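Below: one structure in structure tokens.
Lettered A, B, C, D, E, F, G and H in written order, each chain numbered from 1.
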Amino acid sequence: MIRERARALLAEVAAGTRTPDEALDALVGAPLEPLAFAHVDHQRALRQGIPEVIYGPGKNTSEIVAIAERIVDRHARFLATRVSDAQAAALIERFPDCVANPRGRTVRFPARAERSGTGSILVVTAGTSDLPVAEECAETAASLGIVTNRLTDVGVAGLHRVVSGMDVLLKADVIVVVAGMDGALPSVVGGLVRVPVIAVPTSVGYGASFEGLAALLTMLNSCAAGIVVTNIDNGFGAAMAAARWLLK
Amino acid sequence: MIRERARALLAEVAAGTRTPDEALDALVGAPLEPLAFAHVDHQRALRQGIPEVIYGPGKNTSEIVAIAERIVDRHARFLATRVSDAQAAALIERFPDCVANPRGRTVRFPARAERSGTGSILVVTAGTSDLPVAEECAETAASLGIVTNRLTDVGVAGLHRVVSGMDVLLKADVIVVVAGMDGALPSVVGGLVRVPVIAVPTSVGYGASFEGLAALLTMLNSCAAGIVVTNIDNGFGAAMAAARWLLK
Amino acid sequence: MIRERARALLAEVAAGTRTPDEALDALVGAPLEPLAFAHVDHQRALRQGIPEVIYGPGKNTSEIVAIAERIVDRHARFLATRVSDAQAAALIERFPDCVANPRGRTVRFPARAERSGTGSILVVTAGTSDLPVAEECAETAASLGIVTNRLTDVGVAGLHRVVSGMDVLLKADVIVVVAGMDGALPSVVGGLVRVPVIAVPTSVGYGASFEGLAALLTMLNSCAAGIVVTNIDNGFGAAMAAARWLLK
Amino acid sequence: MIRERARALLAEVAAGTRTPDEALDALVGAPLEPLAFAHVDHQRALRQGIPEVIYGPGKNTSEIVAIAERIVDRHARFLATRVSDAQAAALIERFPDCVANPRGRTVRFPARAERSGTGSILVVTAGTSDLPVAEECAETAASLGIVTNRLTDVGVAGLHRVVSGMDVLLKADVIVVVAGMDGALPSVVGGLVRVPVIAVPTSVGYGASFEGLAALLTMLNSCAAGIVVTNIDNGFGAAMAAARWLLK
Amino acid sequence: MIRERARALLAEVAAGTRTPDEALDALVGAPLEPLAFAHVDHQRALRQGIPEVIYGPGKNTSEIVAIAERIVDRHARFLATRVSDAQAAALIERFPDCVANPRGRTVRFPARAERSGTGSILVVTAGTSDLPVAEECAETAASLGIVTNRLTDVGVAGLHRVVSGMDVLLKADVIVVVAGMDGALPSVVGGLVRVPVIAVPTSVGYGASFEGLAALLTMLNSCAAGIVVTNIDNGFGAAMAAARWLLK
Amino acid sequence: MIRERARALLAEVAAGTRTPDEALDALVGAPLEPLAFAHVDHQRALRQGIPEVIYGPGKNTSEIVAIAERIVDRHARFLATRVSDAQAAALIERFPDCVANPRGRTVRFPARAERSGTGSILVVTAGTSDLPVAEECAETAASLGIVTNRLTDVGVAGLHRVVSGMDVLLKADVIVVVAGMDGALPSVVGGLVRVPVIAVPTSVGYGASFEGLAALLTMLNSCAAGIVVTNIDNGFGAAMAAARWLLK
Amino acid sequence: MIRERARALLAEVAAGTRTPDEALDALVGAPLEPLAFAHVDHQRALRQGIPEVIYGPGKNTSEIVAIAERIVDRHARFLATRVSDAQAAALIERFPDCVANPRGRTVRFPARAERSGTGSILVVTAGTSDLPVAEECAETAASLGIVTNRLTDVGVAGLHRVVSGMDVLLKADVIVVVAGMDGALPSVVGGLVRVPVIAVPTSVGYGASFEGLAALLTMLNSCAAGIVVTNIDNGFGAAMAAARWLLK
Amino acid sequence: MIRERARALLAEVAAGTRTPDEALDALVGAPLEPLAFAHVDHQRALRQGIPEVIYGPGKNTSEIVAIAERIVDRHARFLATRVSDAQAAALIERFPDCVANPRGRTVRFPARAERSGTGSILVVTAGTSDLPVAEECAETAASLGIVTNRLTDVGVAGLHRVVSGMDVLLKADVIVVVAGMDGALPSVVGGLVRVPVIAVPTSVGYGASFEGLAALLTMLNSCAAGIVVTNIDNGFGAAMAAARWLLK
């Protein structure tokens, strides 16, 4: 559209209906700024599947519904994360065809997303308390049309559980490892596979876990080379990172 | 210049020597990106007095001299901060007319900068150990053509010293308060004056000063309303912040 | 007034109606202490617009109303910040002509403040969750008679949004940039403009945002020279800092 | 007494009515341990006025009453700190002659304590939000029979307020300075007086006050020599420290 | 091979030349442990290009040469990181065909690695002080046969520099963004591209950069969705992470 | 059991009822992975007393009951820690023979565990507020059939209390020392005894105790050699550590 | 003196040799400011024994000698702390009658100070590595004419050593307890005595001592009521705090 | 010995060669204090193998030799830790029969210690950089007459290496696991064995390892139940902890 407007301006110049100086002002003035970003918008358009995501905290129920409506109008889909029960209820009422995941605190619409790409994400969790973060990751992936598989409750203190999942690990395209407490699981998984491993520390734990800081530091210092890390409890971000690889 | 190039393109379109589509490609393609930033460059040009500053750490003596030469070629001036003795010596040898301040670890060129604006900065220090940061501030100001005055060694533990400087404080346009250890001085000064107060924590102290963290936190929590803060030991930044007001 | 009292004393000494020793006691005794601070009071009087601000936390509703009454008696105006819903309700009941801003958690009186100075503040926010802090800033400015403009939701991850606001940015007198999470916006804005930029980190975020610490550190380390920083969530302080420039 | 028991044992050995080995067991066995600590108990007895203090958190109302009863039985007095409303109510019901201070969260019994020593404590506070800690300090002092005076709301941003209190400051025996936010007040007070200054940081503030850490660090780094510091919000500890001087 | 050994054992049992119990001991005893890890070794073999990397710190020159020799014997290549000048000199003397990068503190052998895969890494740096980390990243990639491109000195305070590099950014397969101080660059880059962005905080800065902590936190809290982060100064790890995608 | 399955397979091969290849698949295929860990399982089996422990947080009442049932089915016992009142009530209703400890927030089943080994644990606490952690430790020990003794309220500020407990200390097999606030008790106890001392910091305290961080650091830096430390408030872990010694 | 000057002015007014307005200018003008602080100066004069102390870091040898000379001129004494070997040598050369303490890094002059007051300080150290801080404390006290006694190497891990010093502890007027690592000693000492206890954390230790932070936190959280704390390694401050009591 | 002295005194009383009062003075007087600690000393005597250990830092070569001589006089053995090269050389010259371990920075004497107990320590290390801490542990054990075995370089990123060491792990009496960086190894080892596991974090790493803090937090939050932790780099403490079990 911006390109079209520029093209029209230039056509007017060629036609002599607009002087070069007038066109210059129109192009270089304030309205022109977005032009240089035309690519950006273009390439944002390419990844249509990733419209702005709704972050729940600090919005009341009518605000969150209004924002969802606006996004649906443009993209026919939305994803809301970290929603409260009240926010979820309001979205469900307005968009009955949505999928609400109470554990992951997400609502996405529509229920069925067209599959994007061919790869899938394996979400590995250390303990059952890490599941909410895994759910957020899976729901985000689902909203992007990416399939996720699970390997659950394979903390490193029971090594045989990790090893039992070896086959699943070796088949994965991208692995998201979700772990709280000592956050040691990504180091073990990272040493077993050669595909991308995205480590997500969780705030699961108490005392010196310092709300996930311990797990975060563990993962940043992983002795398995090439592990990358997201913010604490950021299942959403891990799925988005995986999407950068799977959908690129 | 960019504007000129755009104007030339448009003239060619008007003259029929270039089609609108060719011009579009030239404008919207990669070379066009900087266009939208023409203002930026324009307004950067307006503040000619603030060319890129040379940050000493990590450069060898020949590199720092080469960079200084390049900047002098374009701006006829330079400022280097946090320079080592060897870097300073190399710059002095190459630019004999420079001003080197060993305590402030700066070198600036030329010795005499034309005065900018009419305001001046008052640099207040809590203790003599804070002087290197005050010097860096003063030298940065000098390189911008801004005059600085001093009120030195007026730590809050000797309140009469602050009060003795009352007249000086009340005449200032902008006050930069440099303090380590407890960092309490900006709170006192901020309560005495109504002009802008820029607080610079220093790493002076030991033990629980944690390299300036204590002073930084004190200043961020100042009970004097409207105190603003820079990074620890950032005399350079304080002068630049003052310049944003005095030269705007 | 104090000066007058001193002058009267001296006149009595000259007239012989008071001995030098009596005058000395009157001057040097306890009541005299404020004398040296006469300037201070004088210049405080000059900025009449900034009477003591009421900080809500820890006051019950009758206390906060009583304090507001006392300040209104002397200054015909007040500003209360971080007020609870109950505190706001009590103030509204007592001062029907006040302006209560629930999002900014402020109450100010009277609704209409006379405009001070000619400059204005541009408040830029990275995300919608940063709005409460922006509101506190705007309300504080309003209580001082300073006009604020807004540039909202221009986080750096969507750079075209910042650039689209270029014209607004370039017209500002002082810019307050409010941002949580990565706190990167002030660095970008600071590089685009030459006016004062006051960065306000917010506690928006989770996990490794550590309640705003991440954004605070980002801003203190800004690669844009001359950015100054306030405490986390301190919209009030940012407005007060801006006032130091605009009203000086 | 212990010495007597030992002497008796030795007499029996001398008399041959007890073998050396039997005496050895009696002397070196478990019952002997307290012997070396006889002084300790003796000197604890000397400061009868400081029986064990009841720390409220984690005790239910019947527990706290029972503990208070036991202490009253032995010492005819008690002090409870950090009590909840329910705990306070229970203590008031059981000990109608007690003094409950809701702001300081203390209950002490009996209402009237005999005055100890001749000195008094001056409790200085920076802001009204620091009052709960000041109250805890004053109530602790009262329970020890020590008189406290007050100098309130003399934060350093309004220096004239501190100076107005000069006379009061200069008459004090021991000064407890209670301050949150920037915690700068003890540095100012410490520079004005030569008596002991005990600095108590409070958790008053937000953002980078980090629950009182900022004030704590400020005080530990005070540029006024000889300032000593207690834990955050520890009004109780400050009074106890003052008592060590006033009652020694 | 392990499978073959197991098969042989079972054949012997079937042939009656070994009892089930003997076979059981052979299978379940210590020598069997590696069996379950056969896949692992197999897949490790597949990525032959990534033999153990030599971490310089704490090794003397003869040790580091010996280790390099052992790895070269098995893999005909090696990569040493964080080497001292003395370590580099010793390796150069022993392996004249190596590539030593003093700025990146790496030595790799042989000089020419066969190209792996078809993708390449774009290494973007905020300032010239970040170059050592960028060099470590590039050398690691080179040792794996991966091509790297560069976009240098595009810190966010000069936004036009980032935008000028738009074309380069949009062509990249994987982007490694290296930045110290405020660490804001990955947020800007992440918002401009849809490919994987690996953010590497550096220890460049002073004061409240806390040796790279500020940049690390910024990146973990990036408002650009799907940014992943490595340890501070970990150029090596970023290349290894990129390799997981490019070589998978 | 796994060993039995392997033996059965081999017997079938020996008997000719299964071909070596069929057996190989059964042994080496995915199901085989656990085999290498047979020892592990075997030795886990040996300590039957330590089945998986149920961590309460994040489970609803029906989930926690279901998990407890599953564990009881296999092990005829269970231990649940950090349970809420509701969780405890649900478990009590389902397993009337359980032991619920509200202070320690544990439920264990059955009420009577067979005594394991001959040693016992001495749990020493500094203050009454540390009792919940001591209870968790004792209940964990009880669920393992280990006897615990107590030495309560022997904080180092009343040294005679520690010394009075000397006999008890000297008879202990393993000592768990539970302390909050200054966390000094393990240093004193560690210097008095030669048996293992496991130090458990608690979150008891306020202000600069930073939720137990102060006590944790104290214990890690103990001047009594050979003190080992667990996470903050980890009474469970201390009992498990003691069990490693007493039941080995 | 200031009072005298004021009195003289008033006498001149009374005598008619100076008009009231002239006197007013002299009194209220800039030179008057110090007036309100007359008490301050007066009382500062009273503690003549505590002239400004010279803090070594950041001064070259000629600067430190010059400052010492100036202080000696006014006060006939000086104390320099944290001096380097070169600084000490320069001071010794200039003031041969000084006392240099290499371990405490102090130089004081003259060698013999007149005894002030009747009380003395007991300096208790946990380990021999804490001696430098103890020496700084003792030298500071000596420079003030205060006698110090010692109780050395009585760390809490060897409780009998503390108890052996019981008699010494009970005779002290003020006790300074110097301890690194776990910092537990003040809690034990504070529980044994009723006199003031000033706790000085030292940076002795490694790892999780975090340069004295562990000891600092321990002391701030001491379970012995009424312990006060100084900055890490601040032997100087502890002596000054003791002086506030002993010399008041 | 103390018991012997008491017994001798009593024998003299029984024999009539000493009066009860004389014996009383000898037993209960000032010299008596240690008596109550007779058990302590007695039991300290029992572990003769653990005389005071010499901590190198802060001692000059003549001091360290003198201390070693004094300890050798009483105990015929010594252990010095964290010794500098110069300290080691001085000790070697004086005690040619000592064992100096440059990597572990220890010197112990005599070379051959009599074996204590029957158990042994297995020291497991994650990487070769962790060896100095492992050496300190082994030398400390050797000085106590305890045998150590090694399992080296078995970091969790190469899980097959841990599993290959399974037999060694299962035979250990006490396991000390030494690991830096992510500190994940103790979690894995702790899940594989049932004997005591003492985790020692090391300062190996960079950036967000924060000098071992990351590994420390990982270990404190280990998901393997019953892991205990020492200070960072505290190989000495781990051996002493192991000795508490093996020699009790």
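The rule is short, and it goes like this: a contact is a pair of C-beta atoms (placed from the backbone, for glycine too) under 8 Å apart; a residue touches a chain by one contact, two chains touch by 3 or more.
As the structure is a computational prediction, the values presented were derived from the model and not from experiment.
A.B. asks: Just to be sure I understand the contacts, which chains border both chain E and chain A?
C.D. replies: B, C, F, H
A.B. asks: When D-H is set beside A-H, which has more C-beta pairs in contact?
C.D. replies: Looking at D-H and A-H side by side, A-H shows more C-beta contacts.
A.B. asks: Which chain lies the greatest distance away from chain E when centres are computed from Cα atoms alone?
C.D. replies: Comparing chain centres, D lies farthest from chain E.
A.B. asks: Suppose each chain is reduced to the average of its Cα coordinates; what separation in Å results between chain E and chain H?
C.D. replies: About 38 Å, centre to centre.
A.B. asks: From the C-alpha centre of chain D to that of chain E, how far is it in Å?
C.D. replies: Centre-to-centre distance between chain D and chain E: 58 Å.
A.B. asks: For chain A versus chain G, what separation do you get between their C-alpha means, in angstrom?
C.D. replies: Measuring from centre to centre gives 58 Å for this pair.
A.B. asks: Provide the list of chain C residues touching at least two other chains, using ranges where the numbers run on.
C.D. replies: Answer for chain C, listing residues that touch two or more other chains: 33-34, 36-37, 40, 127, 159, 163, 166, 192, 207-209, 213, 216, 220-221, 225, 231-232.
A.B. asks: Pull out all the chain pairs that touch, please.
C.D. replies: Here the touching chain pairs work out to A-B, A-C, A-E, A-F, A-H, B-C, B-D, B-E, B-G, C-D, C-E, C-G, D-F, D-G, D-H, E-F, E-H, F-G, F-H, G-H.
A.B. asks: Which bits of chain A are touching chain E when the two form their complex?
C.D. replies: Residue positions touching the partner: 36, 39-40, 43-44, 46-47, 50, 53, 163, 166-167, 170, 173, 192-198, 216, 220-221, 225-232, 236-237, 239-245, 247-248.
A.B. asks: For chain H, which residues are in contact with chain D within the complex?
C.D. replies: Its residues touching chain D are 3, 6-7, 10-11, 13-14, 16, 19-21, 23-24, 27-28, 32-39.
A.B. asks: Under the definition above, what is the set of chain A residues touching chain C in their complex?
C.D. replies: 30, 33-34, 36-37, 40-41, 55, 57-59, 82, 201, 203, 211-213, 216, 231-234
A.B. asks: What residues on chain D touch chain B, complex-wise?
C.D. replies: 126-127, 155-159, 162-163, 181-184, 187-188, 190-192, 205, 207-210, 213-215, 217-225
A.B. asks: Quick one: which bits of chain G touch chain H in the complex? Just the residue numbers, please.
C.D. replies: Within the complex, chain G contacts chain H at residues 127-129, 132, 159-160, 163-164, 166-167, 204, 206-209.
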